[in-house]
Each structure stands twice: as C-alpha cells, then as structure tokens.
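For reference, the structure discussed in these notes is given below.
Just so it is clear, A, B, C, D, E and F label the chains in written order, and each chain counts residues from 1 on its own.
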Amino acid sequence: MIQRRIQAVAYETVQLETGLLPLLQPMSEVAGRMSVQVGAHYLEKTYGGRGMLLGGVPGVPGADVVIVGGGIVGTNAAQMALGMGANVTILDMNIERLRFLDQVLHGRIHTLASNSHNVAESVSRADLVIGSVLIPGKVAPKLVNREMVHTMQMGAVMVDVAIDQGGCFETSKPTSHSEPTYEVSGVVHYCVTNMPGAVPRTSTLALSNVTLPYGLALADLGLATSVKRDPALAKGVNVIHGQVTYAGVAEAFTIPYAPLDEVLTGSVV
Amino acid sequence: MIQRRIQAVAYETVQLETGLLPLLQPMSEVAGRMSVQVGAHYLEKTYGGRGMLLGGVPGVPGADVVIVGGGIVGTNAAQMALGMGANVTILDMNIERLRFLDQVLHGRIHTLASNSHNVAESVSRADLVIGSVLIPGKVAPKLVNREMVHTMQMGAVMVDVAIDQGGCFETSKPTSHSEPTYEVSGVVHYCVTNMPGAVPRTSTLALSNVTLPYGLALADLGLATSVKRDPALAKGVNVIHGQVTYAGVAEAFTIPYAPLDEVLTGSVV
Amino acid sequence: MIQRRIQAVAYETVQLETGLLPLLQPMSEVAGRMSVQVGAHYLEKTYGGRGMLLGGVPGVPGADVVIVGGGIVGTNAAQMALGMGANVTILDMNIERLRFLDQVLHGRIHTLASNSHNVAESVSRADLVIGSVLIPGKVAPKLVNREMVHTMQMGAVMVDVAIDQGGCFETSKPTSHSEPTYEVSGVVHYCVTNMPGAVPRTSTLALSNVTLPYGLALADLGLATSVKRDPALAKGVNVIHGQVTYAGVAEAFTIPYAPLDEVLTGSVV
Amino acid sequence: MIQRRIQAVAYETVQLETGLLPLLQPMSEVAGRMSVQVGAHYLEKTYGGRGMLLGGVPGVPGADVVIVGGGIVGTNAAQMALGMGANVTILDMNIERLRFLDQVLHGRIHTLASNSHNVAESVSRADLVIGSVLIPGKVAPKLVNREMVHTMQMGAVMVDVAIDQGGCFETSKPTSHSEPTYEVSGVVHYCVTNMPGAVPRTSTLALSNVTLPYGLALADLGLATSVKRDPALAKGVNVIHGQVTYAGVAEAFTIPYAPLDEVLTGSVV
Amino acid sequence: MIQRRIQAVAYETVQLETGLLPLLQPMSEVAGRMSVQVGAHYLEKTYGGRGMLLGGVPGVPGADVVIVGGGIVGTNAAQMALGMGANVTILDMNIERLRFLDQVLHGRIHTLASNSHNVAESVSRADLVIGSVLIPGKVAPKLVNREMVHTMQMGAVMVDVAIDQGGCFETSKPTSHSEPTYEVSGVVHYCVTNMPGAVPRTSTLALSNVTLPYGLALADLGLATSVKRDPALAKGVNVIHGQVTYAGVAEAFTIPYAPLDEVLTGSVV
Amino acid sequence: MIQRRIQAVAYETVQLETGLLPLLQPMSEVAGRMSVQVGAHYLEKTYGGRGMLLGGVPGVPGADVVIVGGGIVGTNAAQMALGMGANVTILDMNIERLRFLDQVLHGRIHTLASNSHNVAESVSRADLVIGSVLIPGKVAPKLVNREMVHTMQMGAVMVDVAIDQGGCFETSKPTSHSEPTYEVSGVVHYCVTNMPGAVPRTSTLALSNVTLPYGLALADLGLATSVKRDPALAKGVNVIHGQVTYAGVAEAFTIPYAPLDEVLTGSVV
C-alpha cells in the first residue's frame, strides 16, 4: 500500500471522541443479538446442551442467562434473552451503565456489580453465559476463569462474543461456523470468530448504514478535506502518500510513523 | 335474628355460580396488594428484617419474593412486588392460572408448579414469602411447614394473608395491627387478621362498589324478588321469616335448616 | 393390554369439557416457543437461510414472521418472535382470539383474519412462516399450499409445528432431529416430529406439572372413583377390565367398544 | 428597535452549546404529537383520505406510518403513532439515534437508515407520511420528491411538519388552519404553518416552561449579567444598545453587525 | 320480503349465548378507537375545543379523558387515549370488568365504580368525555345528565358513541359526518350516527371478517341446516317462508310472529 | 488527622466533571426507592395516615403521589410509585429532564414544570408528597412552604428525602428511625436523616460497588498517582501531608487551605 500510494482508511480505527468505534458498533449489535439465539440452540439436548428451553414455559423456569459485560454486545444480548423469557443477570463494573439498563429495561433484568465474587457466583448457577467484555483495541480480560467453568452445570453453554479480541473466558479458543463448539468439563463452548458472518444480509446492511455517510463525504470532498472536518475519520487513516499515519500499525511493522496532520500539510517527506 | 324475624344476608356466603365470593373479592385485592408493602416494611433492619430494600438498586439485587398461591391475593401481590422491582416467583397447582399470569404479565414473573419440592426449594432462598392460598369456606392448607421455615434466612419475612382462614404456614398464629409480628427461628412473621382494616378508606370504597348494586336491587325489588332473579344473592340469605336458610349456619348452631325456596314459597312453617 | 387387563389412560384423550386436551397443552407451549428459535437458527446463512438476523438491528429491519394459527402454539410463538424483535403477523379465523391477542400483547402484533387471500399474501412476503393450526384429534388443514410456497423468497424458512397431525403446509413431510430440514423451491422446511424431545428437561417438568395431579388422584382414590369425579379423566380411559372404552381406538382396531360407565357399573361383560 | 434602543432577544436564536434551540423544542414536541392526530383525521374518507382507521382493529391492519426524520418531531410522532396502534417506520441518517429509539421504545418501531432508496421504498407503501426533517437555521432538505409521491396510494396522507423551514417534501406548499389541505396526484397534503397554534393552551404552557427561567434571570440580573452567565442566552440577543448583535439579522437587513461582547464591554460605539 | 319469500337474516340480531352480538362487535371496536381521535381533533381551538393537545407534552399535562362504560367501545377508546398520552379514567358498574382492564392495561388507567356521584365528579373535571354505554337491544341509559354538562369546562368535548341507541348523554342529539358537532353550554358535542362510516376500508374488512364464516356456512349448508347447527345464526333469522320469525320485528309491524323452529319443521302455515 | 498525617478522602466531595457525586448517588437511589414504601406505610390508618392503599384497587383510585424534584431520588421514587399503582406527578425546573422521564417511562407519569403555582396546586391535592430536591453541596431550597402544607388533606403524608441537606419542606425537621414521624396540621411528616441506614445490606453493597474501584486504584497506585489520573478522586482529598486540601473544610475550621496539586508537587510546606 505504501508503494502504490494507496490511501487506506481502516474501519476498526475510525474512532469518535467518546472512544466509540462507530464502524464496529453494528457488528457488536449483530453479535450480541445473535449470541442468545446461538445459546438457545446449543441448550437443546441434540446439540450437547442441558435439554432446556431458554424461555421455559409457564410452571417451568426458563434458563438463567448471565451476561458478563453491559456494553453494546451485552445490552443487545440482554434484550434478546429477556424477550425470549429467560432470567437475565448482567454484570458490569460501570454502575452508571447498570443504572441506565435498569431504567430503560424497566427493572426487568438483574444488574450486578462486576467483581470476581459476583462473576463466580453468577456463573456457577448459569445455564447460559454470554461473554461480552470488549475493550476497544485491547485484548479482552479473562473474567471467567477455568475454576469457575468447573463449577458450572453439565450441559451449560458459554458463548464468547469477545473471541475476536482473544476471548473473555480462560477456556475459550477460536472456532468456526463449520465446527462451532467444543466442550470443557461438560460445558459447551461456542467461540466462533466473526459471528456476524452467519447473517450476511443483516450484517452488510448494518455496516453500509454506518459507512455510507463516510463514503459520500470522501467522494464529495476527497480525503484531505474530509479528515479535516471529521476527526473520527482522521483516526481511521492508516496509510496515505506512502506514509503510515497510524502509530499502532507503524509500530507493528516497524515502519516510521508520520502524524496525519504533518503528512497532509506537507511537513513530512 | 330469628325472634326478631330479621332478614339476614351474609356477605361471605353470597356466591356466584363460578364459586367466586364477589363480596369478599375486594378484600382479597386490598390484602394482596398490602401484603407486599407490609413485607417491604418488615424487611427493614429497624423492624427485625434482613435490612434489605425490596427492589434493590442497580448493581444490588432486590429481594426474592415467593408467593404461594396465584389466586386474587397472589396476583395482586405479584403485581406490587414486580412494580417495586423484586424478583418474583409465584406457585400454584393450577397450571392454567400460571399460563394466564405469564401471558398477562408478559413473562416478568417466574411461574412454578406448586408441589412440596418446589415450595420447599423456593421458600429456602426467599427474602419474603407471601402466603395466599385461600379455599373459599375451607381452612387454608399448611403449604409451608415448620421445617421449611427453619431453612430460611435470618431476617426473612413471611406474610400470611390466609390467616383469617387459619393461615397457610404451619408457624402462623393470628396477630393484630397493634402487635403485628413475631419471630420463629429468626424469621419475621406478619399474621394480622383483617389486614384491610388498616386502609379503611380504600377498603370501604372497594366494598361499597360491590355491595351497592345488591343494596339497590333489594331496595327496589325486596328480598323475595331479588333472590329469585339472582341466585348468587339467594346463597347469601342466612335467616328469613324466622328460619335459618343457610345449611352451614344451621348446622353450627344446631337449628333446623329450611331451604330458601321452600321458605319463600311458604311451604315451610 | 386387554389380555393383561391393564387399566390404560391415554394422555392424548384426556379432555376437558371445553375441548382442551390438558395433557397435550404443555407440549404445545414448548413447541410453539421452540419454533421461533429454530426458525432463527435456520435463517442463518450457514444453515441454508436468508442470512438474516431474526430481530434485525437498529437501522436494519428484522424478519417478517407469519404465524398461521393463533392457538396455544401460535401464541407462544408470537411471544418469542416479538421478544426477539421480529415483525409479527398472526392469522386466525377466530376474531375473538385475535382480539384477545391484540389486547394482551398491547397491539404489538399484526392480527389478520385467516382466509386464503390473507394467508397467500402474508406468506409471500414472509421470512419465516410458523404453521400452528392444530385441531384436536383431526388431521391439520393444509392452509399453505404449494403455490404459496413457490411465491416465497429464496432462503425463507417454514416451521411446521402441526407435523404430528400431518402438517399444515402442503409441502411438509416429517423429519427428525438428526436431519431436521429439507428444501422446496429454495425454502427451508423444518418439520421435525416431536419437537419438544429436543428439550427433555423442560418438557418433562412441564408434563409432570399437569399429570401429577391426575396421578395423585389415581393413587388416592383408584381409577373408578377418580373418573367418576373427573369427566376429563374418564375420557382418557382407553382400556379397562379387558374392554376398550374409547370409541376411536375400538374402531381403529375393530374391537368392540364398551362405554366406560357401563364397564364400571358392571353392566358390560 | 434600534432607534428605540430596545433590547431584543429572539426565541429562535437562543442556542445551547449542543446546537439545540431550547425555546423552539417545545413547539417541535407539540407539532410532532399533533402531526399524527392530524394524519389520523385526514385518513378518514370524509376528509379525502383512504377511509382507514389509523390503528386498525383486531383482524384488520392499521396504517403504515412512515416518519422521515427521527429528531424531536419524529420521536414524538412515533410515540403517538405507536400508541394509536399503527405500524411505524422511522428513518434517520443518524444510526446512533435509531439505536436510542430502538432501545427506549423496546423494539416496537421499525428503524431504517435514511437514504433515497429506503425513503422511496417506504413512502411508496405508506398510508401516512410524516415529514420531520428539520435542520436548525437551515432550509429543510426535500427528502421526498415528486416521483415518490406519484408512487403513493390514492388517499394516502402526508403531513409536512418542516413546512416552517420550507418543507421536506418536494410537493409541499404552506397552508393555513382555515384551509389546511390540498391534493397532489390523489395524495392529501397537510402543510399548515404554525401547527401548535391550534392548541394554544398546551403550546403556551409549554413555551412558558422554557422561557420563564430566562425571564426570571433577566428580571433578577439584567441582560448584561445574564448573558455573561449563560452563553445560550447570549446567542439569543439580536439587538441591544442600538446595535445588531446577531450576524444573520445584520446581514439580512444590511445593517452593520456588532459582536455582543464588544457591545457589552463598550468597545463598540 | 314476506311476499317475495326472501330469507332475511339481520346482522344486529345474530346473538351468541353469552348475549354478545358478534356482527356488531367490529363496529364497536372501530367506533371506540375512532372516538378518541375525533375527541383529539375537536379539542383543537380551530374546531371549538379547549385548544389542548390530548397527550400534552413533557411539563404540560395532557387531557383528562373520562370514559363512561368499559365494554368493547370503552376498552378500545381507553387503549387509544392511553396510547396518545392522556390521563384516562374509565367507569363501569361491573367491577369484574374493571379488574380485567386494570390487569391487562397494567394499572395504567384509573378504574372507577360507576355511580352517579363518581360520574358527576369525573365529568366535571374532564377535557374529553366518551359515552360508551351500550346495552344490546335497549335504549342507552342517560348516565350523564344536563346538570353534569353544565359543570364542565368551556371547550371540553363529548363524544357519544351510543348515539345509535339514543345516546348516553342527556344533551345528545344525532348529527352527521357533514355537520358533526354542536355546542351545549360551551361544551362541544360530537354525536355522529354510524361513526364507522368514516373509515369504510377498515369497517368493511372488519365486518367481512366476522360475516364471511356465516356466509360460507349458508352457502355450504343452506339456511335450514345452518341455523340448526348454530343457534346464534338462528336468532338472526327475521323473515323466512313468508313468516316473521323475530318477535321484536313482528311486534313493531303488528305482523303475526312465528317461532323459527316451527316454521322450519313445517308446523306453521 | 493533620497531626497524624492521615490521607483523608471524603466520600461526599469526590465529584465528576459533570458535577455528579458518584459516591453519594447510590444512597440517593436507596433513599428514593425507600421513600415510597415509607410513604405507603404511613398512609395506613394505624400510623396516622389517610387509611388509603397507595395503589388503590380496581374501582377505587390509588394515591396521588407528588414528587418535587426529578433527579436521582425523584426518578427512583417515581419508578416505585408507578410500580405500586399510584397516580404520579413529578415536578422539575429542568424540562429536558422531564422529557427524558416522559420518554423512558413511556408517558406513564405526569410531568409538570416546577414553579410555585404548580407546586402549590399539586401539593394541595396530594396524598403523598416526596421532597427530593437536592443541590450538591448546598442547602436544599424550601419549595413547599407552610401555607401549602395547610392546604393539604388530613392524614396526607410528606417524606422529605432532602432532610440531610436541611429539607425541602418549610415544615421539616430532622427525625430518627426510632421516632420517625410527627404531624403538622394533620399532615404526617417523615424526615428521618440517613434513610438508607434502615436497609444496611442493600446500602453497603451499593456503596461498595462504587467505592471498590477507587479503593483498588488507591491500593495499586497509591494516592499521589491515583489523583493524577482521576480528577474526580482528587476533589475527594481533604487532608494530606498535614495540609487541608479542600477549601470548604479549611474555611469551616479556619485552617489554611493548600491546593492539592501544590501539596503533591511539594511547593507547599
């Protein structure tokens, strides 16, 4: 790209002032919603699960769903699990986030401060655990360790949505859509990377919705003007005029790093 | 009443074809709704409870409320407990009733078939137990026995709304508004008879709402015509023309019983 | 059974005065709820579907779910589909039923009078069709015919919950949990018989909830007394004292039929 | 005003740091809510509409309501349309806004990314279109063009709430409360300017609620001190000490513009 | 009809065992829902009302809507009024009905026992009164009398949905879609007969939904067989074989009455 | 503390950039939710109240609950009061806040702009008034004055959650859990300081949830580094290295004030 003088903007480094990654967010929504329908599926006996209907029926309890991480993934997972009639607990360190969820979901989920005691206790009685702790640009923390998995019930299911960032369960290892699950001490693990790939129609539309406005801006104004107007887009520029303008990439490839504004004002050669 | 030839209609024996006692129902509604606010009060540390807020706050779980009996009392209790943010489980033997509650409350409560295993298991982890098993005209069954109470947590609270029919906890004994509670193995018991007496404004209006139409009918048509038109009212007639026309009362006082229609047609002297 | 003089009560012929089959109802609930999670699964590209997330995400529409039949199966399916964020249409000939659903679900689903025009129109634009028309003791009517299936989109999914009664799609044929689906003109068909078998933990509990009271009655009172008290149970008795007391069974096996009350009063030998 | 040395604060130029116009917002709320009841009215046959009840009844579909623009007007319109039982689609370019609406309205509306394809497709099948695209201080963009209107059904209704900023339908032209509608190719257009004028009791109270605090501050502190403390109010000052302090007004009347802080510090004469 | 030997079935006399008139019910639903949108319209200043938005806006109260009668009309009206954000009170003599509404609408409306004190008190502070007291086949009772209307606020609105049965306000007199309202002591009265006529598309579909099954039965089986199978339909037969088989009609026209079963069995000539 | 060179961080002065006091917020949530259950209790006749059930029952209106102040306390109070079936009005000067509440609570509460007219009018018809106006670090304004209290009904209840900041009713004076209430002109006043003390289990957990992360940071990094990274924590430091670093405290004790950054950089002795 450097040689061909391509102007490269990376989806995953476009970043708002708030720290949000707007072009990754739709995939988090898709993965979060999908994680629960995946979990419901693998709870069926036929697929190795406890043989339990996620939502139960009147007179028979539904599944205990524990969601570790109340961000975009976790919130979307919680909405689905609630909608299917499960008993939902969500853990997050950010109490302000739990307050918002409690208010918007009208007190229908159990919100729990995330700490190792609460995670261990919740996971041990869960039928389905959704791992949804993603820290943009970092390896996911292993909030559920091997010991906790050992305390779980036979046929319980774990879905690690953070697997693309390394996973947030100690027992997670990446799998694929063709062989999506494996077992650890009787607990079904679903750790498919690129979960949204299973629903390309929805994923593509969701992605276009957020990328189209950037595309139109680039087409209208060109890259130089666009990035001046939109600092989020500026952060997405990785390579331009033969220079690497994203520090992380420069470092990873040991190529010299050139700050974008210097490249654009011509002060870098 | 017999000597004075009073025509006596008893509220508690007016009975619809469906078995419902229409003049007692409002009191069941009041007691059911009140049971939860009473329970919330006694869960405060100051009053002997676990020192726990019924609804919790975001990040801290609310109370586990277990309601034994899903009739009018239990349904009204469930609505209040849900509204206050508790985690509500309701047990009933009638699965059809559980279905209705699940549908009308949009899956927000845990419905559980009532059997001794489920009752024991639910009660043992409850913070608040509402006893709401009432069988019209019968002594309430003791669904929660002493052993179950022993398994409960210190400072848990039990409210026995069925106390007027003898109570549905083995450890229940009647109390009054002036000294409403006592403890059994660390569990606070609230067994006030005539709970609706604490909210006379609401109770009186609720009662008038259902008795007024009967009163108007009696004033318009007289008793003889009214009971002919309304078999529910006929069942309410206990004494008339110096005769006891309600079998249970006749038996209790060993007075001869005279069927109402015979008395009214003059075929009994 | 006749020779061994076994007293045989068939789950599927116990019938309430209202026509309801109380021992089959829990299985309808399980199958109805499960039908939507099955449908969501097969809408994934990996499994032959349209590659679409049932609930969509903000900015991208969810699936159009069309439920043919608003009985127990259909109502439970509708609750799940709504909860997952789909766009739900339910068809039934019984307008009174549609009124109830509209009221209880607060207008969140589209209710549509069932007739061939409305079924054809709805099915043609559906992403997921749930067939839930069951008439107790009868073969299900084929409400969705082959022509309608031809109008559907490639990768749409059909789940025929009525398959145990012959199915309500003309293109349905029974499948099993090991090979659950097949395609007709690009439309995925899921027609697994005994769907609740995939979630035995939930199904067994749900069934016990409704059979236990009958079992206790039989244990306490014996069959003869029990059936006298409970006409629903009486309808369940198929074989007793070496006589076949259920007309349908007698006819199917060309064995003489003996009315139950005659057998029990000894008037039949 | 200049000659009389009046201190003039314009409601419509008071502006928060976030860009919101706090003194116009209540009128947007009123107009947004009113737009749906207006739409329902003109859908009646008597007034030229399709002869359709906005909310339908059980068994008969309600109207498809398409709301172009998910800001304050659009959100309030969506709440009303949902509440009346319509099938609601809302389009906005801001996906973050759609996420918020999806979450707060619990997935009850269809959210759709706004682009010309989606607008055209939605409008073509709509019974009622609400135009609610307002960009503060700018002419509204014509998101629905004449061709799209031609694809609509006879008797469909369009309400252009953005008419005070020029309207967001190409076919819009201002009307008044006395003659509120006209037709374009069979589609009823309602383009009344100053819609909130029809409900003066509500509008006046709503306006007082937001202006009163400013009024009290002005009365307490005088204009000079007030604007120092509150930059939003400062933006509202148009004329003071015989100087025009709002650039747009100065330009429109070709009067010299004097920045407010200079006027107040006396550095301008 | 008698001379031409027409077989006449009247929609309005087809009657279920429960007393419901199944072919009139859809019109009650349409009228009930429409009554609120009509009320909202006439509350606008332009049309003589208080100049108030039915739903208010945040910080400004919405209208007080009082619904007299909680049957089908009243329930549908309540759903609309709630959905539009009004403050809704519903009065009915049937407490059981109020219980159902309270439960299904999750306590969102004020339910009030209907008696003259409560009606008077509610009406006096109402912005919109919906009259929805219909007793099948009887003249509607005048529950709101002239004195109550005098206590109402200037510009309040009354919609009498019972006007086809004579109206349930003392001050009601029939109006038409062309001149729908008049004033009594400053209170706008809307008393249009045949309200559903304004939304023929919805009304016709709603009516077809309920009449089609009867029509199909008649086409399949003929009238004689159909009425034998369906007693509700039998009640609808007014004229057959030159005989009048509906008592009320016979009486009204002083024509001899012939019971339907006698006519059909040929025992009447 | 100065002599012992203790490093003192005060919970109540840790403050976010937004002005929020994150370590006090959980106590506001507890107090807000508790205020309604306290109010319900004292509305019982036994405890001096109007003898009224907060939520009423079908056919009998529930209590009018007026909440003065829509911040954290008021919002939590509103959620509880709504959940228990009361008729809730919330007043706040911040219309933006009322908008948020209206949207999140789906229009279920009456929002009213706070001004002396609206407060007086609302309070005069209230059964329960919750005072929840807290301005961080300031004495609460007396929004409800003695005259307003005189207009209230006998047996109405007032709960002043702002009592720890001096109370927001003119008639408030601090009480304790042992003697929680007193009467002013027949109105029960509950003004217990430290309300959350009654539910220590919930309060302690809620507090730990927010303090633990600060504690962990302090343990990991020490105070000096922690405050550099977290300006909110820096505001919490009151005493360090024998210096008073919080202006308010220094002033109250007339001890010299030393800005924290100077103390930490050693520029103060």
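In this section, a contact is a pair of C-beta atoms (placed from the backbone, for glycine too) under 8 Å apart; a residue touches a chain by one contact, two chains touch by 3 or more.
Just so we're clear, the structure is a prediction, and the values are computed from it rather than from any experiment.
> Just how many steps, at minimum, does a route from chain C to chain E need if it may pass only between touching chains?
1
> Out of curiosity, which chains are bumping into both chain B and chain E?
Touches both chain B and chain E: C, F.
> Between A-B and B-F, which chain pair is linked by more C-beta pairs in contact?
Of A-B and B-F, more C-beta pairs in contact link B-F.
> Which of A-C, C-D or B-E has the same interface as C-E, meaning more than half of the contact pairs match by residue number?
Answer for the repeat of C-E: B-E.
> Could you grab the centroid distance between chain D and chain E? Build each centroid from C-alpha atoms only and quote it in angstrom.
The separation of the two C-alpha centroids amounts to 37 Å.
> How far is the middle of chain C from the middle of chain F, if each middle is the mean of its Cα atoms, in Å?
54
> Chain F: which residues touch two or more other chains?
26, 29, 55, 58-60, 79, 83, 85, 95, 99, 103-104, 107, 113, 205, 209
> Which pairs of chains touch each other in this structure?
Contact pairs between chains: A-B, A-C, A-D, A-F, B-C, B-E, B-F, C-D, C-E, D-E, D-F, E-F.
> In the complex formed with chain C, which residues of chain E make contact?
That would be residues 26, 29, 75, 79, 83, 104, 205, 208-210, 212-213 of chain E.
> Taking the touch rule as given, give the residues of chain F at its contact with chain E in the complex, in rising order.
55, 58-61, 85, 87, 95, 98-99, 101-103, 107-108, 110-113
> Could you pull out which chain F residues touch chain B in their complex?
26, 29-30, 33-34, 37, 40-41, 43-46, 50-60, 76, 79-80, 82-85, 177, 197-203, 205-206, 209
> Looking at the complex, which residues from chain D come into contact with chain A?
Against chain A, chain D makes touches at 93, 95-96, 99, 103-104, 107, 113, 115.
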